[in-house]
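Across the two complexes that follow, subunit A remains constant while its partner is subunit B and subsequently subunit C.
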Partner chain A sequence: MNEMVKINVNGIEIQADNNKLLIEACEDSGIHIPRFCWHKRLDPVGMCRMCLVEVDTPRGKALVPSCTTKVTPNLVVDTESEVVKKAQEGVLEFLLINHPLDCPICDKAGECPLQDQTVSYGPGESRFVEEKRHFEKPISISEIILLDRERCILCARCTRFSDEISGDPLIEFVQRGNKTEVNTFPNEPFRSYFSGNTVQICPVGALTSTSYRFKARPWDLKATTSTCNGCTVGCTVELNASQNKMLRILGVDNDSVNQGWLCDKGRYNFEFLNNQSRLKESLEKVNEKFEIISNKDLINKLKNKILNNENKVKFLLGTNLTNEEYAAFNEFSALISKSKSDFYLSDDYLFNGYFEKNISLATFNNLDTADTIVIWSEDIKENLPILYLRVRQAVKNGTKLIILGHNNSTLKDIASDFYSSDIIDENFELKVQPENLKNLKDAVIGKNVTAIIGKSSPYQNKKSLDLLVSFLNENSNLSLLNSFSKGNSFGAFQNLDSVKGLPDLCKDFEEDLPEVLFIVGADPIGSSVLTNKITSILEKINCIVSLDLFIHQTNELANYVVPMNSTVSEKEGTFTNIEFRSSKINKITPSPGKALSENEFLSNLLSSLGKSTDFLSVHELNTKVAENNFNQVNKITFDELDKPSNFDGIISGKEVNINCTFFIEDKSLYYVGRKLYGDSVTQRNSQSISILGSKKYIQANLSTIKTLDLEAGKCYIEQNGLKLSSELIINENIPDGLIYFPINRRNFVKYNFAEKINISNISNEDILSVQ
Partner chain B sequence: MKETVLLTKRMRDFPSDSHLIDIYEKSNGYKVAKKTLSKSSPEEVLKEIQDSNIKGRGGAGFPTGTKWGMLVEDKEKYLVINADESEPGTFKDRILLERDPHQLIEGMIITCFAANIDKAFIYIRGEYAKPARRVQNAVEQAYSKGYLGKKIFGTNMNLDIVVHLGAGAYICGEETALLNSLEGRRGEPRLKPPFYPAVKGLYMKPTLVNNVETISSVPWIVENTGAEYNKLGVEGSTGTRIFSLSGHINKPGNYEIEMGSSFGEFVETLGEGVRNNKKIKAFIPGGASAPWLTGEQLEIKMTIDDVAKNNSMLGSGAVVMMDEDTNLVNAAKSIVSFFAHESCGQCTPCREGTTWLEMILDRVASGRGRSSDLELLLDVCDNISPGLSWPPKMTTICPLGPSAVSPITSLMKNFREEVENMIPTKVLL
Partner chain C sequence: MSWDKKLINQANKIIKQYPQKRSALGPLLHLAQSKDGYISDDSIEVISELIGITEVQVKSVSTFYSMYKQEPTGKYLISVCKSISCEISNSSDVIKKVQEITGLNNNETDEEGIFTFEKVECIGACGGAPAIQINYETVEGMTPESTESLFNWLKENQPKVIVADILQEKFGGTRSFEWGIKDNSGTIASVPGFQNFNTVGESK
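For the complex of A and B:
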C-alpha cells in the first residue's frame, strides 16, 4: 500500500492513497465521479472524457480526466465546479446525439450506466436535429454474442478486456472518427472463452448475449450471491432469476478469486435448469423401460435392497455436490454399515496429489507475489479458465512463467520457457532431470515459486511430477496448487472419509461387486476413458440408484433414477475451491417437479431404515462440515460465511482424504485432453452453449498430418467398429507425431487410446453419398 | 521585401536535379556532416543549435535546442522526422523532401551525432508518393556512399535510416499518434503524461521528434554557427522560415523569408497582390488550426510572438488569404469538415462534436439554418474547448478537436452578421 497523503476535493481535505488514480481515490472517500471507459480492472485510457475534473496547476485550473491523473500530495481538485458540470453535460450530450433511443427494447435499460448518468449529469433535452448514425442492427460476432454498433459509445472496455485480460484480441476498433466501430476481423468470430465478460462490462446495451437477450427487465430480477461450481476455481457469482426461473449469472468482483471475471461456461452453463427434459419424477426400470414411481414406493423398495446388504452399498459420486451433501453421504454410509466405506469420484485425472505436510499449499494471490510460476498440469485455459486469467495477470505484472508439457500452449507467448516434446515424451514422462534444465533452475533456485501441478492426461504416471515437485520443494520457496479441476472436488476430499478414483473402482468392483450402487450426479460412461470397463461392471450390478438431473449414458443402466436439485441455484451449502477457500452456494429458484436435494433423499431413506434423521438438515450438516474442518480458527458455518468481512470466503483446513491406489496402466498412443466445452449432460441441455461443445475434431501439426498421408479436413475415425466422422485440424502447437483427441466430445472416450485408431480422409464422393 | 535563401538555395541553383547526390555533393553537400563527425563534439553541436534559438517548424514552435537537451539518456534512443505534412495550406516540407532530400539526411546525421542516436525514421504522409520515392532513393544513395550504415565517413558513428509511409491520416502528424502509427498501432494520440517523447517516445524509449524543415536547417546552422543564424529574423523568431502562401493572391507558392515583416507586405510584394485587386476579408496566418485574422490585421508582423499576441498562431507557416468575395461560412464549413473527417475517434468530444459542428454548418451554409444555431454552434464549441479562449483549453486528448473550433469562433467573433444573414427569416403564413 502507498503512503496516505492529503488532498483537497471540493474544499474538503481528505486522505488519499499516494499515486492512486484520482477517480479511485475520490471513490474511496465517497465522492463519485461519473465514468464510462474507466474500469477498475482495466488500464485507463481516458477516452470517454466523462470523468473530467478541475485541478489546480501552476498555470491555473485545468480540466483533466480523473482516470489518468494520479494523486499527488496537496492536490486541489474540484469535481463539481461549473466548468466541470458543463464539460460532463457536454460529453453526455455528445454521447447521446448518436445513441439510439431504443431503451424500451434494450436489455441494458434499467441497469444502464448511460441512462443512469444521463439522469444524474446529463442535459434534459436534445438539441440534435440531424439523423443519427446508422449501422446494421445487431450483428452476431460469435455464436453467443451480438453487437449493436448503434448503441456503442466506443469506451473500449470490451476491446481492452480482450487484449489485456483474456489475451485473445478478436475485437478491435475499425474505421476512424465518427465512423469508428467495434468489430471482429474478417472470418474470425469473437470466439473467446471469456466473451461474456464484455457483455457484463459494456456500459450500454451494445453487447448482448443470446442467452439473456430479451429475457427480462433488470427491475424484475431477484438476485443472490453464490459460488460457481463449474470448476475448482469457485468464482463468486450473482445469480439473477425472475418468476422462479434462472436467467443470468454475473461475475462478482472477489479480489482474491475471480476479480469480477467469469468464463463463458460458468456464465451460461445454467440454462439446463429450465430445460424441459429435466427429471421431475422418480423412475423405476420395468422391463427395460423407465416408469414413474412415487418417492414413497421408491424408498420402500430401496429399504429392502439395503437391509441385509449394508456392507455391499457403494457410492460413485460426481463433483457437483455441496460440502454438506458430501458430509451427508459420509454420515449415511457410516450409519448403515459398520465398516468404513470408500467413495469413488468420477474424475479421470484424480490421483493423490501433493498435500504432504512439508509442501505449502498456495492461494491465487501467491501467483501475484511469486518470482516464478511453474505449470505442469492439464490445460488450465480449458479446465480452470479464471486461474488462467490470474496467471496472465501475474505474468503481465512481471512474474516469470515456466511451462512443462504440451498443454497450456495458449500461454506459450507469455512464458519465458515452454518445455514441450524436447524434454517430455508422449506419455508425459520427463526425458531430462529437472535439475538439468538450466532456465528452470535459474528461475526457481532460492526464489518464491508458485506451482500449478496435476496430471496432464488420464494416462500420465505421476513419477515425473514427483520429480518436479520434490525438485521445486527442495530448491525454492514453493507454494503449490493441486490442479484438480472438477467442481467441488476439494469439498469431497475434505468431507468424505476416503476418496478413490475410477481405476480403483474397476479393481475393487472386479473383486467384490456391490449389491447397491448409488451414482450421484456422475456420468462416467459418458466421460471417462475407462468407459468400456465401467460399462461392463455396471451391467453386472443388481441395483443401481442414480440421483441426477437428467437421463444420460450412465443412468440409462440404472434401476432407479431420482430427480435431484441442482447445485446451481437450487441448494444452499458451501463449496471448497482449489485454494481450500470455502464460500457459500445459495438458492434462488425452486427445483422442478418432485426433485429433492441429496440430504432430503438420504434423510427419508434413513428414516425408513429406522435410523435417527434430524441431523441431515442442511444447517445441521453445515455445522458438521464446520466441525469436521480442521482449521479451528475460522469455522466455515453459514453465519460466518454470510458476514461481509468474509466476502472473499474463508480459507479452511488443508487436509484431504484421497486414497487412490491404482492408476490407468495403459500407455496412450494419443495425446488426449479435456476442452472447456464438451458433451456433458448439463451443457448439452444449455441451449446457447450446447453447440460450442458439439463439434467433433482432432488435431495434429502439419508434418504429422503429412507423415500419416492425411489432409486437414473431414475425416473418419475408426476403431473396433466405432466409426465417427470428425474434422482434422492443423495445430502447430501439438508435438510431432501426436494426434490430439478432446475426450469430452461425444463418444470419443469410447476409443481405446492404447490401441491404434484408424483415421482416413473423407472424399467428396463420400460426403455426397452420406447426404 | 526579398527572400533570404538558406534551405531552398540548392533547388533554385539546380531546378531539375537538386535531389541527386552528385549535385548535392558538388554544392558543398555532406561536408558539414563529415567535418562535424570528425572534428566536433556532440556538446558543441548542441550548443550551436541552442545559440541559434531556432524553434520547431512543425507548428508548435518549441525551441529545438531545449527539446534536444531534454532527451533522456538510454541505451536505445531514436530520431523521428515528422514528414506527415498534413495541415491544410502547408506544402513547404514537400519541396524540401522532394527537391533536397540529402539536406535532410545530412541534418539527420548531425542531429544523431549530437544526440548519440543510431536509428532514425522518416515518417512521410502516404499521399506524398513522389517525395517519399525521392527520399527513399536519397537514403539508398547515402548508404551506397557510406554516409549511412556502419562507421559513416570512416568514423565510429553508425546510423540507420528507415523511411516509413503513413496511410492517410492527418492525426499522425501529432507526434504521439505518429509514434503509435510507426509502431504499427492505430494512429491515435497517446495520453499525457508522459508529456515528452524525449522521455518516453517510440517503443517507450527516448525519442527526438523533429520537423523536416527544422532538421534541414541544421547543416546551415552548424556550418555557419548558431550565432549567425540568430542574427537572422527577429528575437523570438530567428532564422528564415518557408511560408506556404495560398488563397486569393496572384502568386501563391513557397517563400523562404526572414521572420519579421508584415503579412500585408508579404502578400503585396512576394505574393504580388490580391487576385483581381480585391481586398482581403480574412486570412489564416498559420494553417487550418489557427484562428483567423481579419483584413484589418494585415499589418501584424509575421513572428511567432506577434501572431500569438493577436490570439492566433504562426503554426506551420501556411498563410491562406481570403478576399472580400469569400463566403466565410462555406470556408469555415470546409475546414470543420476536414477536421471531422480526420478526427481519430478516440475521445468523445472530438469524435462526436466535430461531426455535429459540420452538420450544423452544412445546414446554415445551405440555407436551412435556424436562429438557435448560432448559439448552438458556440455552445458545442465550448464543450470541446471550454471558454473558447486562445491558446485553447480542451476537453479532448489532443488539440485536434479545438482546431475545428478555431474557424467557428473566428467567424462568430468577427463576421457574425454574415452568418446571421444566412439564416432564413421565418415568414408566418
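For the complex of A and C:
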C-alpha cells in the first residue's frame, strides 16, 4: 500500500511515496531528473538512459535508471554527482550521434526536450565525425501524421502510447540496432483516433502533424488553457495562436478528465476558424440569394419581426454554445415572449436520460474505483473518445467491463462480456430480462458499478434502457454517466428552462408553426435522421434567423444569417461536461469580420426592442449562471474556475431540464451510428482532417453480404430517387442481417431507414465509365 | 488468405500449445519462413490475423531477429562466422574467399538465386574455428582452400539436402568436439531445419 517513506536525495531528506518510481518521487519534491522515454502516463521502459542517478547499494554507489527504480525506505540518491553528469553527457553524446542538428528548420525547436536537455546536461561538443543516418524525409504514416525518422531517438513513447493507451498499435519499431526505426506496416497507415498525442509526447521533432508543420515557432505562440467543446468529455486543452490565428491545440494533463490526451478531432478540428469561407458579414436573403446587410439594419428588421410575433418566436440550438450563451438565450426568450418557451436541441440521441434523485451521478474517476463498468450507449470510441481511453485504462487496472448493444465492438477484446445480437434485437431492445443474464448479474449484484447509459441509435426506444438502469440501481451501488455526447449538451440542460429534441420540434411545429425561428449553430438538415421532415417544416417558416459560422444545408433556408464567434477560441465562458464538471472556455483569437458572440447579438437585439438587458457582458452572464447553479459551495464563476485549486473543474450538480415527450416512432431496418469523423460543416472546412470524414461507406458482415447477394466493394445505395455511390465494407462485428450506416456522411441522413434501401454492386464496366 | 489449409492447420496446432495466442509468434514466423524462405508481407498479414496482433507488431519481431529473413534468400545460405574465435583463426580469409567466389557482399543474393552470403556472429563452433554454415548446417575448421572446394562441390552437385556431417567429412578440418548426436537429416531449404515445420531432410 502507499506509504510515505524517507529518502535522501542530493543530501536533502524528502518524503516519498513508496509506491512511486524514483523519477516521479523526485519530481514531486521539485527535483528534476532529465528524461526522454519516461512519461507519467505510460509504463516505464528504461529505454533512453537519460535519467541515470547514483544510488547507494550494499556494494557501493551504482548508476540506476530512476524511471525503473522504485522508492525504498532510506534510499540515498544523488542526481547531480560527477558520475551522473558524466553519464548524462555520455547519453546525450550518443543520442546526438545520429540526431540531425537541423533545429533551425525543425518544428520542435524551442520546445524540444532534446534541445533543452542538451543545453542543460549535454557535453557541449561531439567527437563524432562520421556520417549520420539518413532516411527519406518525411514519410506520412497517416493522413495527418508525418515522420522524420532520422530525428527519432527511439524513446518508444509513441509506440507505447499506441499500444498501452489507445490500443491500436499500428506503429512499432522495425529492424534493429542502428537500423531501428519507427514505422507502420506497408499499406496499413497509423489511422488512430488518438494519433495526435504521439506528436505531442514525441521528445524530438520526429513526429509532426500536417496541421502544424512549418506553421509557427513555439516562441511566437500565445497560449491559453481552455476546454474542448467537441464532445461532452470536455478535455482540458491549451490553445496556441500566433498573429491572431489559431494554430494548434495541445492536451493538458487534467487528472480527473483527459489525463493529457486528446482525440484527433478535438486536436485538429479547429482549422475551420481560419477558413476563407467563414461567415464574416450578416446576410439577408433577397430573391433567393444572400446579400450583405449591416448588423444595424439586420437588428432593425428582426426587431419588427419579433415585435409582431411575440409568442411565435422559437429557438433551435446547437450544442456548441457556452453555458453563458444558453443562459442568455433563456433570458432572451423570457423577455420577448409572455409564455415560457421551449428550446429544441439539435441532437438525434436526446431523450430524458437518467437524472432522477435516486440515481447517483458518476465521474470519470468512478470508472477507476468501480468493480464493474456497464456500457449501453452509442459507440463511445466514436463519440466520447477520451471516455473510451478512461474505460480502457480502468479495465487495464482490473475493472470488469460488460457491454450491451452492438456498439462499442472495439472494446470487445477487453470486455468480459459483450451482449450483442443474441441478447439484443436489431432495434436495441432486450430479448432477455437483465436479471436473467447470469454474467451480468454476477458482476453487478452488491458491487460498485459505473454505468455509461444512452441511446445506441436515434431509433432506440428507451424501455430496455429503463429495465437495465432500474436493475442496476436496485442491485448494485450504481453511479451513472448519461452518455449524451454532443458538445456542451449538459450546459444546455442546466441553463435552459426546457430542452426538447428534434422529434418534439417536428410535432410541435406541425401543430403550431412559429413565425420566427432562431437556429443557432445547428445543422439538423445535414445531420438529423429527421432531415426530410425538418426540411419541409423549415420551408414553411416565414422568418428563419441563423446564427452560425458557415453556410450549410440548414441555413440555406434561412432569411437572415448572422456570423458568430466560435466557441473553440473566440469567446470566454464556461462548459459543463458529462460529469457536470464545469470548466473554463477561454478566448485567444479575435472575432472574424463582423462576427459577434451570441450574447452581444442578443443584447443588441433586446435593447432595440426596448427591453432592459442585464446581461450585456459575459461576466455578468457568468455570475448569473453561477447563481443559478446547483452547487452553491463552489460557484462556477470565472474567478473560482481560474484558481489553481480548481484546475480540474468544479462539479456543479445535476439539475437538468430535459422535457422530451416525442420520440422517433419508426423502427429502423438498418443499424445506424455516428462516427468520430464526419461530414460536419466544421470538419469539412478543416483542411487536414476534412478528408477523414468524407469517404462514404456502409458495413456488414460477410454472411450478410452473401445473403444479400452482394460483394464487398463499390456499390450504389438507392431509395426514393436518391442514389449515392458508396463502398460496402466487411466488418465482422456487425450482427448478422444488419447493414451499418454511418449517418454523418454526406446525405446519408436523407435515407429513410425505416424503409427498404436498395443496395447494388457497381459493376466493373460502370466503374470504368464513371472514370 | 495466402496460406493453404494445411499450413493454417499447422499454425493452429502451434497456437494451441500456448496459453496466449500471441506467444506463438516466433514459431509461426518460422512456419512462414518454411513456406517462402523468408517472411513475406502476405505471411505477416496471415499471422497477424491468426494471433490477433497488428501487422506491424509482427513485422517488428520479424525484423528484429536476423534469422527471420526479410528478403528471399538463394538456394544456399552461406553464413560465415566473424566472431572472435573464428577471426583469430583467420575467418577473414575464408570470408574473402567466399566473396571472391560468389562476388557477393554481406547480405546479398546472386542473380541466379543460388547463393546468399552473410557474415554472422558466433555460431557456437569456437573450438573448430573458423566455421561456416550452409543452410544452417555447420562445417568447422575451414580454410580458404577447403572453402573453394566446398563451393565447387555445391555448384556442381546442387544437393537438395544439406547435411552437416557429410560436409564436415568432405571439407571440414578440426572439429570442436565429437557431436553427440549424429546429424544425418540435414535441411532442405535455406531455413533452419525443424522437424515441426518439415524443413529437415529425410534421414538416411
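A few notes on this one:
As a working rule, the second predicted complex is superposed on the first by the 769 of 771 C-alpha atoms of A that agree within 3 Å, B and C clash if a C-alpha of one lies under 4 Å from a C-alpha of the other, contacts with A are read in each partner's own complex, and residues count from 1 in each chain.
Just so it is clear, contacts are C-beta pairs under 8 Å (C-beta built on N, C-alpha and C of every residue); 3 or more make two chains touch, one makes a residue touch a chain.
None of these values were measured; they are calculated from a predicted model.
After alignment on the shared subunit A, the placement of subunit B and subunit C results in a clash.
Ranked by how many residues of subunit A each touches, subunit B and subunit C are led by B.
Once the two complexes are laid over each other on the shared chain, residue contacts for A:Leu154 go to subunit B alone; subunit C is not touched.
Contacts of A:Val432 after superposition on the shared chain: neither subunit B nor subunit C is touched. Contact with subunit C, but none with subunit B, is seen for A:Glu188 once the two complexes are overlaid on the shared chain.
Once the two complexes are overlaid on the shared chain, A:Arg49 sits against subunit B while remaining clear of subunit C. Legend: residue contacts after superposition of the two complexes on their common chain; A:Ile691 is shown touching neither subunit B nor subunit C. By the touch criterion stated above, A:Ile171 is placed in contact with subunit C alone, subunit B being left untouched.
Where the contact sets of subunit A with subunit B and with subunit C meet, they give residues 173, 175-176.
Residues of subunit A touching subunit C in their complex: 168-176, 183-186, 188, 413. Those residues of subunit B lying in contact with subunit A across their complex are 169, 186, 191, 340-349, 351-356, 359, 363, 372, 376, 380, 382-384, 386-387, 393-397.
By the touch criterion stated above, subunit A contacts subunit B in their complex at residues 44-50, 52, 62-63, 68, 83, 86-87, 89-91, 93-95, 97-98, 127-128, 130, 153-154, 173, 175-180.
Across the interface of their complex, subunit A is touched by residues 41, 44, 52-57, 59-60, 63-64, 66 of subunit C.
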